[in-house]
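Heads up, the next two complexes both have subunit A, just with different partners, subunit B and then subunit C.
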Partner chain A sequence: MNFDTLLLLGSIIIPVIGSLMFFLGYPKNDDLLKKVGYLIFGFPFLAGVILFLKFESSDGYCFELLYDRMGLQELGITFHLGLNGVSSPLFAMAGIVGFGAGLAAIHSGNERLHLYLGLLAFMLSGLMGLFASVDLFFYYLFHEFALIPTFIMIGIWGGRDRRSIALEITIYLTLGALISLGGLVALNVLVDAPKFDFPHLSSALAEVAILDSTAQKVFGLLLFGFGILVALFPFHTWAARGYDAAPTSVSMLHAGVLKKFGLYGLIQIAVPLLPDAAFSWSPWLMWLALGNILLVGMVAVAQTSFKSMISYGSVMHMGYCFLGIGACSTLGIGSAVMLMCAHGLSVALMFLLASYTYKRTNTFEMSEMGGLGERTPLLACFCIAATLATIGLPGFGNFWGEFGIFLSLGESSNHLTFLIIAALGIILSAIFGLRAVSRIFFGEESKELSIEVEKSKLTDLTKTELLPASLILSALLLIGFWPQSISTRIDQEIDRRYSSLDGIMSQGRPACCPVDDVQSNENSNPTE
Partner chain B sequence: MEAYLRFANDNLWGELWPELSLCLGALIVIGINLFSKSSNFHDRSGNFAILFQFLLLLIHLFDYLLLRHTFDRHSFSGMIKHGMHEDIMRSFFLLSSLIVSILAQSFLRVRKLRIGEFHHLTMVATAGLMILCQTQNFILFFVALETVALCFYPLVAYNRECAKGLEAGIKYLIFGALSSALLLFGIVLLYGVGANPEAWGAITPTVGQVDGFSFSALYHLLSENPNHLLLKAGVVLIISGIAFKIGAAPFQIWVPDVYHGAPMPVTAFLAVSSKAAGFFVLLNLVNGPFAGMSDFLLPLLGFVATFTIFFGNLAACSQKNLKRMLGLSGVAHAGYLMVAVMASMILPGSSDRAVWILFFYLFTYLLASFAVFGIMGIANVSDDAEHEFSDYEDLAKKKPWAAFSLVVGIGSLAGIPPLAGFIGKLLLFSVAFETKLYFSLTAMVIGVVISIYYYFGWLREICFHPRPVFEDDEPSHDSWLGSENSGLIKTVILSLVVASIVLGIWQGSIGDAF
Partner chain C sequence: MVVLALSMLFLPLLSALVTLFFLRKKGNIASLLSVSTAGGILVLALVLIFNFEDDVMSWDATWFSMGGWELRFGFLIDGPARLLLFVVAFVGFLIHLFSLGYMEKDPARPRYFGGLSIFMFSMLGITLADNLIMIFVFWELVGFSSYLLIAHYFKTDEAAKASRKAFIANRVGDFGFLIGIVLTYWSFGTVNLIELADLADFSPNLTTTILCLALACGFIGKSAQFPLHVWLPDAMAGPTPVSALIHAATMVAAGIYLLLRIDFLFTEEALSLIALLGAVMGLYAGFCALVQKDIKKILAYSTLSQLGYMAAAFGLGAPGVALFHLTTHAFFKALMFLGSGSVIHSCHHEQDIFNYGGLRQRMPITALTFLIGVLAISGVNFLSGYFSKDAILLWAYNFNLPIFIILYSGAVLTSVYMFRLYFITFEGYSRSENAKHAKENSILMTGPLVILALLSIFGGYFSFYPNRLGSYLVADLSTVSSLPNHMWMVVLGTAAWIIGLVFARSFYWKVESTDPLAVRFPTFFEICKSKLFFDELYRFYINKIQDPAARFLEVMELLFISGLMVRGAAGMTALFSLLAKACYVGKIHAYAFWFLIGTLGFLIYSAGLFE
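Right, the complex of A and B next:
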C-alpha cells in the first residue's frame, strides 16, 4: 500500500473517524472543534486534488487497493478502490464541494453543531467512497452511506415541512436505489463474472452474450432506478422540494455530488456494458430528458423564492446530462461527465450564496431583497458569476459540457429535433437566472430590505464566507478556461470503453449484436 | 429380543444433551423458586436461568464448532436427525432464549410479576423448539410442536392484570388450537393413505417401508403419487398449520392482536424463536417429504409469499400502536423468508445456498428485533401494551444510546445499508433472481419501499424535534424518566447493535457459504 492508495482510503476513513468523534461530543472546546473540523473536511479535499494531479491516464484504474475477504466473495464482491479517467475529476469535485460544505457548516452556528458536523462528515465519506470504488456493490453501499444522514439532517435542521419532506425524499430514493439494486443484482447473476466490478463484468460479457430482450430489461431497471435518483422527469418531484427544505450544506452535497451517483452509474455501468440496449432505450431517455429541461425549466421560471428557483434549476440541468447519455456517442457521454463536474460545483456555489443572502435579508423571497447589490457588492459579484455559470456562458465549466452535448446531438440527423427543443432550454435558464440576479441585486431597495438594514448593519462577505465560495468558483473557472485539464482523461477513458458505441451510431442500428440472429434463435428454441 | 436391542442401541440420548440439560435447568429454576422463602430468591432463580443458558450456549458452540460434530446422523430409529443445519438452529434458539431471559429479568421485576415460572416456561419452550427442528417423524413433530404451544399460551397471558394480555392469550389459544387441528388433520390424511396406499388408489412406493409418519417414507410415497387428491389435501393442511405459526397470509390475523397484548419479552420471543422454528420446519418439509410435490407447492407458496408481503406492509402502514406495527412488519418479513424457502426448492439438491441465506436472514432478524424489543421493554410506559409513536418523541435527546440502538435496529429491519439486514435482503434478492422468481422479487422490492414509510416514520419521531410545547398543554407523561437502566441489558443491546453493524460491513468467512 503506497502513499496514493493511503490517501484514497484516508479520504473515506478519516471522515468516518471524525464523525464518530463528533457524535461522542468531542472536541468540547469550540475553537478546537473548528480546527478539527477543518482537518476532517480538508483531508478529502486535499486527497482529491493531489490524486487528481498525480493521475496518469493508463488502461483502467490507478491507485488500486483490493481486499477480497469482506464476506461476500462468493458473489464476487470485493473491497476494491481505484480511480479512472471518469471518476478522478468527479472525485476531486466531491472533495472540493465537500470542503466547501464543511466550511459552511462549521461557521453555520447551527444548534447541536456536533451532531450536524458528524452527520455531514459521514455523508462526505460516503460520497468520496462512491467515486473511489471499483466494486459495484460498494459503489451502491457508499451511496446509501450518504443517503441516511440526508434524511436525518433534513428532518432536524430543515426548513418548512421538513418532516414530511424528509420522509418523501427517503421513500423516493429508496425506490430508486432498490430498482437499480435489482438491475445490479441481475447483472451479477446473469453475467456471473469472477468479480463484481466493471472490468471483470465487461470482459465476462464479451464471452457470455446476454439475450437482447434480457439486456433491454436489465437496462430498463438500471435506467429508471438511477433515473429516479437523479430526478429524471416524471420522478423529479422530490428533488426540488427536498433541496428547498434541506439545510445549506446538505443541499450543496446532495444536489452537487450525491445526485451524480445515478448518472455516474449510467455512464460507468449501464451504457458501456449494454450498449445495444442503451441505444434502443435512448429515444425514451431523450424525451424524458426534454421533460426535465422544458417543463421543470418553466416551473423554475415561475418560482419567486431564490432557493426553490435554484433547486428547480438544478433539476432542469440534469436533463442536459441525460441528453448527453442518450446521444450514445463518445462526445455526448464525455460532455455529460464534464457537465456533471461543472454542474456539481456551480449548483453547490449557488446554494451557498443563497444561504449567504438569506443570512443578510432573512428571506428567500426575491421580491423582498431588491437592491442588495449596493450594500454587498462582493456577494453580488459572486452571485452573478455563479448565475452566469449555471446558464452556461463561456468561461465557466458548464459551457463546455452543454456545448459538447449540443454538438453530439447535431452529429446525428435523428437527434436534430431534440437539439432544437433542448436549445430552447438555454433561453429558459437565462430567463430565470438573469431575472433573479436583477431582482435581488439591482433596482431600488425594497421596503423589507430597508427594515432589515435598520435592524442590523448589512455586511459584505466575511473572510470565512469568502473562502469556500472562492474555492468553488476558482475550480469552475479553471474548467472553463482550461477544459483540457479534465477533458483529456475523460476522453481517453470513454474512448477506450465506448469504442463500440460510435459504430452503433453511424449505422443507426445496433451493430455489434446481430439482433435478427438472436431473435431467430429465441424463436427457434421452443420448437426444437 | 434382538430387534428391541437394535432399537435400544439406536437411542442415542447423548445426542440430545442440550435439550435434556435445558429441561433439567428448567426444573432447577422452578425448584429454587419453590423452596426459597423470601421474594429475594425469585431474583436468584432468574439469575441462575440466565447463567445456565449462557454456559449451555457456550458449551454447545464449542461442541459443534470446535469438535466438528457436523456430519449428518440419525438416531432414535430415524426419528431424529442431527447435522450442521440442525446444530445452527439449536444455537439460534439457545441464543434467543438467553436474550429473552435477560430482557425479561428486569421487565418482570419492574412490573412485579413472578420470575421463576417465566424462565421455566421459556426454557422448556426452547427445548421443544430444538427438538422440533430435528425431528424426522410426524409423531415427534406434533408432540414437540404442542410442547412449544403449551408453553406459549401461559407466556402470552403472563400478565394477568392486563386486559389486553388476557385477550391476547385467549386469541392465541384459539388460533393455536385451530392450527394444531389443521396440522393434525393433514398428518392423519397422509398417514391414512400411507398406511395402505392401494386402498386409496395410490401407488405403493417401491423403495422403503410404508410408514405414514416417517419423513423418508412419505417422501417416496409423495414422489410416486404427486397428483393424488388426498395427499395433496394433507400437504396443504400441514402447510396451513405451519403458516399459522409463522404468521403467513392468509393465516396472519392473530399476529397483531397477540403481539399487542403479550408482554414485551414474550412478543420478542414469539417474533424470533417461534417464527424461525416455523421456517426451518417448513424448509425441512418442502425439501424432505414434500419434495416430490414441488410443482404443485411452488405456485402455492409463491402466492402465499406475495400476499404475505403486501398484506404485512400495507397493514403496518396504518398502525398507530408500535407493537401491532412490528407484528405486521414481522408478517412482511415472513413473506420475504418464504421466498428463500421457495428458492431452496428450485436450487438443485446439492446446493444449500438458499438455506444459508435463510439462516443469515434469521440471525440478522434476531439481532435487529431484540435490539428494538429490548429498548421498547425498558420504556417506562404506563401500560406495556400501549406503545405509541408519541412515547418516542425526541428520544435522541433524552437517551442517546437507546435512540442509537433503536435507529440501528429499525434500520436493519428496514434493510438499510450498511446494516446486516441489508445484506440479508441483498442475498435474498440475488437468490430469487438466480432461481427466476421474478414475481416474488418484484413483490419484495415494492414491499421494502412501502416498509420505509412506517419504519422511517418511527425514526422520525425518535430523531426529530417534537411539536412545540404550549403552556396550556397538559403535562405529558415522559416514558423515559426513571426507566430501567440495568447495565446487563445495556451491554446486551449494545452488543446486538454492534453485531448488526459489523455483519453489515464485514461477514468474513461466513460468506463462503453463500
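Right, the complex of A and C next:
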C-alpha cells in the first residue's frame, strides 16, 4: 500500500473518525473544534487535489486498493478502491465542495454544532467513497452512507416544513435507490460475473449475450432508479423542496455531489454495459430531459425566493446532463461528465452565497433584499460570477459541458428538435439568473433591507466566508479557461469504455447530417 | 507573432485581475493601470499589424478535445482582422484616456476600469479568433462586460433593467448563433474559418441558407438589429465612454465583423434578407432618433441606423464597403459619443437636449469637434462619412434600387436628426442653469475629441490607409470606383445632407422647451415616438405570457406532480393502511369474526368451488 492509496483510503476513513469524535462531543473547546474541523474536512480536499494531479491516465484505474478477505468474497464482493478518468475529476470536485461545505458548517454557528459537523463529515466520507469505489456493492453502500445523514440533518436543522420534507425526501430517494439496486442486482445475476465490480461486469457482459428484451428491462430499472436520484422530470419535486428546506452545507453537498451519483451510475455502468438498450431508451430519456430544461426552467422563472430559484435551476441543469447521456455518443457523455463537475461546483457556490445573503438580510425573498449591492460589493461580485457560471457563460466550467452537449445533439438529425428546444434553456436560465441578481443587488435599497441595516451592522464578506467561495470559484474558472485540465482524462476513459457505443450509433443512425450524406463523407467525418 | 498576440490578448485580463484582487479601493492606481494597459495594447497591436510581412497569419493549439471533437485556440490575423484590431486598439485607447477625465469623481472607478479591461480582452478575442466557437466564447464575454458596464450605476432602476435586457436580448441572438455553429460543425466537419473558406464549393441549398441565417442571429443580437434592437437604446444607462466604446464603435460592430468572417457561407436568399433588414433598420432608427430628447438615445438610434447601413452593404455583396463604413463610423460615432460625454460631464449629468442650448460659446472645442462628427455622419462632401456612406448608396443604386431608395431616405433623415441635435444642443440660448454654467473640459477629454475629429475628417481617404490596414478594402472599393453613375451620386449625396441641413435649420435653429415637430406635426411625432411599440410588445410578452405561463407551470407542478402523483401515492398507501388498520380493532369478537370468514374462505377454496 503506497502513499497514494493511503490518501484515497484516508479521504474516506478520516471523515468517519472525525464524525465519531464529533458525535462523542469532542473536542470540547470551541477553538479546537474549529481547527479539528479544518483538518477533517480539509483532508479529503487535499487528497482529492493531490490524487487529481498525480493521476496518470493509464488503462483503467489508478491508485487501486484491493482487500478481498472481507468474508463476502463468495458473493463476489470485495473492498476495491481506485480512480479512473471519469471518477478522478469528480472525486476532486467532491473534495472541494466538501471542504467548502465543511467550512460553511464550522462557521455556521448552528445549534448542536458537534452533531451537525459529525453528520456532515459522515456524509462526506460516503461521498468520497462512492466516487472511489470500483466495487458496485460499496459504490451503493457509500451512497447510502451519504444519504442517511441528509435526512437527519434536514429533519433537525431544516427550514420550514422540515419534518414533512425530510419524510418525503426519504421515501422518494429510498425508492429511487431501491429501484436502481434492483437493476444492479439484476445485472449481476444475468451475467453471473465472478466479481461485482465495474471491470469484471463489463468483461463478463462481453461474453454473455443478454436477450434484448431483458436488457431493456434492466436498463429501464437503472434509468428510472438513477433518474429519481438525479431529479429527472417528473420525479424532481423532492429536489426543489428538499434543497429549499435543507441547511446550507447539506444543500451544497447534496445538490453538488450526491446528486451526481445517479448520473455517475448511468455513465459508468448502465450505458457502457447495455449500449443497445441505452440507445433504444434514449428518446424517452431525452424527452424527459427536455421536461427538466423547459418546464422546470419555467418554474424557476416563477420563483420569488432566492433559494428555491437556485434549487429549481439546479434541477433544470440536470436536464443537460441527461441530454448528453441520451445523445449516446462519446462527445455527449464526456461533456455530461464535464458539466457534472462544473455544475457540482457552481450549484454549491450558489447555495453557499444564498446562505451568506440570508445571514445579512434574514430572508430569502428576493423582493425584500433589493439594493444589497452597495453595501456588500464583494458578495455581489461573487453572486454575479456564480450566476453567470450557472447560466453557462464561457470562462466558467459549465460552458464547456453545455456546449459539448449541444454539439453532440447536432450529430444525428433525429436530435435536432432536442437541440433547438434545449438551447432555449440558455435564454431561460439567463432570465431567472439575472432577474435574481438585479432584484437582490441592484436598484434602490428596499424598506426591509433598511430595517435590517439599522438592526445590525451589515458587512461585506468576511475572510472566513471568502475562503470557501473563492476556492470553489477558482476551480470553476480553472475548468473554464483551461478545459483540458479535466477533459483529457475524461475523454480517454470514455473513449475506452464506449468504443462499442459509437459503432451502434453509426449503425442505428439514419442519414447523419442535415446536409446530404455525400458531402459530409467527403469532408472527413469528425467522429472518426 | 504568437507570443505577441497572446500577450496582447491576455494583458487586459491580467490588468482586470490585478484590479479585482489588489486595487478595489484604489481608484487612481486602477484607472492608471487600465489606461496604460490600453496603451500597451495599442503598441502591441501596431507592432502586430506593421511588423510582419505575411498577409495572413494564423496559429492554433488544442484548447479542448472530447469524443473526437477538437477545439483549437487560434488566431487568424488577416486583412479585416488587422483593420478591426487597429480600430479597437486605437479608439479603445482614446476612450480609456477620456474616461480618466470623465470618471474622475466616480467612487466605483476600479470596477469601471476593470470592466473596460475585461471588455478589451474579449473584444480582442473576437478580432483575432480563427474559429466560430472561439468567436462565440468571446462573443458571450463581450456581452458579459457590456452587462457589467451598463450596470455601472446599478442603484438606478434604469441601469438594473437595461443591463438585464441587453444580456437577455443578446442571449436570444446567441441561441441562434449556437445552433448555427452546431449545424456548421456537423455539415462541414470544421468550424475553423480558413478550413471553411477552403470548402468553398457550397451547393447553395436550403440547409446552407438556414445555417447561415442561424449564424446571423448572433449578428442580429450583438448589432441590435431588428427584432432585437430594443436593448441598445436602453443600454445608454451606462457611463458615456462605455456607450462610445462598446455600444457604438466596437462591440456592436462585431456583429458586422462576424458576417464578414463567414461571408462565403451566405446564399443569395440570406444575403437579400440581411440587406433588407439592414436597410429597414437604417430608416426606422432614423425616425426614432428624430424625436428623442435624450442626447445619448439620439446617438444610440443613429448607431442602429448606421449598423443597418453596414448590414445592407454586406447584404448587397460588398463586405469591404461594410468594413470601410464600420471604420469611419467608429471614428465619428466615438467622437460624437465622447462629445456628448463632454457635454454631459459639464452639465452635471443633464442629458435632455432641451435643457442645453448655446453651448458653443461655453465649450468651443467640444462644439467644433461635435460639429465635425455631425458633418461626417451626414455625408458632407470630402469628410469620412461621405466616402463610406456614399459608397454604400452607390452600390445600392447600381445593384438594388428599392434598397437604395430606403437607404437614401435614411441618409436624408440622418442629416436632419443630426443637425437637429447639433442646433438644439450648441446653438440658441442656454435653457437651464446647468447649461449656463457649463465649462470646457480638461485636455484629457478634449484631446481624444480632437484626434477623433481629425480621423473623422481624413478617415475617408483611402490613400490614408497603409496597405497593411486597407488590404481587405481594396477589392470592393475599386469596384465602387468603377461603378457607373458616379456624378449622379455625388449630386444626390450632396442634396441629401443639404436638404437635411435646411430642414433642420428652419425647424430647430431656435427652440424653446418643446419640440417644434411635436407642435406642427403631432401625429407624425407620436408615431415616431412610439417606436412602433416594440418595447410594449416585448413587455406584453413578458408580463402577460411568459410570467403567467411560468406561474401556471409552477401551480401545475404543485398540483399534479407534487400533489397528485407524489402525495397521491402516499395517500393511496395511507388509505390501504387505514383499511388494514380497520381489521385490527383490538376486540376479541372482531378477531373471531375475521377468523371465521378466513376459515370459511379457506374451506370454500379447498372444496374447489372457485374453479
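Before moving on, here are some points about what is shown:
Everything below uses one rule, namely that the second predicted complex is superposed on the first by the 508 of 528 C-alpha atoms of A that agree within 3 Å, B and C clash if a C-alpha of one lies under 4 Å from a C-alpha of the other, contacts with A are read in each partner's own complex, and residues count from 1 in each chain.
The rule we apply is simple: contacts are C-beta pairs under 8 Å (C-beta built on N, C-alpha and C of every residue); 3 or more make two chains touch, one makes a residue touch a chain.
All values derive from a computational prediction rather than experimental measurement.
Within the superposed three-chain arrangement, the count of touched residues of subunit A is higher for C, of the candidates subunit B and subunit C. In the superposition on chain A, A:Gly109 contacts neither subunit B nor subunit C.
In the superposed model, A:Ile171 makes contact with both subunit B and subunit C.
By the touch criterion defined above, A:Leu393 reaches subunit C but does not reach subunit B.
Contact with subunit B, but none with subunit C, is seen for A:Gly182 once the two complexes are overlaid on the shared chain. Of the two partner chains placed by the overlay, only subunit B lies in contact with A:Ile156; subunit C stays clear of it. After overlaying the two complexes on the shared chain, residue contacts for A:Arg69 are found with subunit B alone; subunit C is out of touch. Using the contact criterion defined above for the overlaid structures, shared-chain residue A:Tyr140 touches subunit B, although it does not reach subunit C. Comparing the two interfaces of subunit A, the one with subunit B and the one with subunit C have residues 171 in common. Contact residues on subunit A toward subunit B in their complex (touch as defined above): 69-75, 140-141, 144-145, 148, 151-152, 155-156, 162-163, 166-167, 170-171, 174-175, 178-179, 181-182, 185-186, 188-189. Looking at the complex, you find that subunit B touches subunit A at residues 411, 416-418, 422-423, 426, 429-430, 433-434, 441, 445, 448-449, 452-453, 456-457, 459-460, 463-465, 505-514.
Residue ranges on subunit A touching subunit C, taken from their complex, read 168, 171-172, 234, 236-238, 241, 295-296, 298-299, 301-303, 329-335, 338, 371, 373-374, 377, 381, 384, 388, 393-395, 399-400, 403-404, 406-411, 419-420, 423-424, 426-427, 430-431, 434-435, 438, 441-444, 483-484, 487-488, 490-491, 494-495, 512-515, 519-520, 523-528. Listed in rising order, the residues of subunit C touching subunit A in the complex are 20, 24, 62-69, 111, 133, 136-138, 140-141, 144, 147-148, 151, 154-157, 159-161, 163-164, 167-168, 171-172, 174-175, 178-179, 181-183, 185-190, 199, 203, 205, 207-208, 210-211, 546-547, 549-551, 553-554, 557, 561-562, 565-566, 570.
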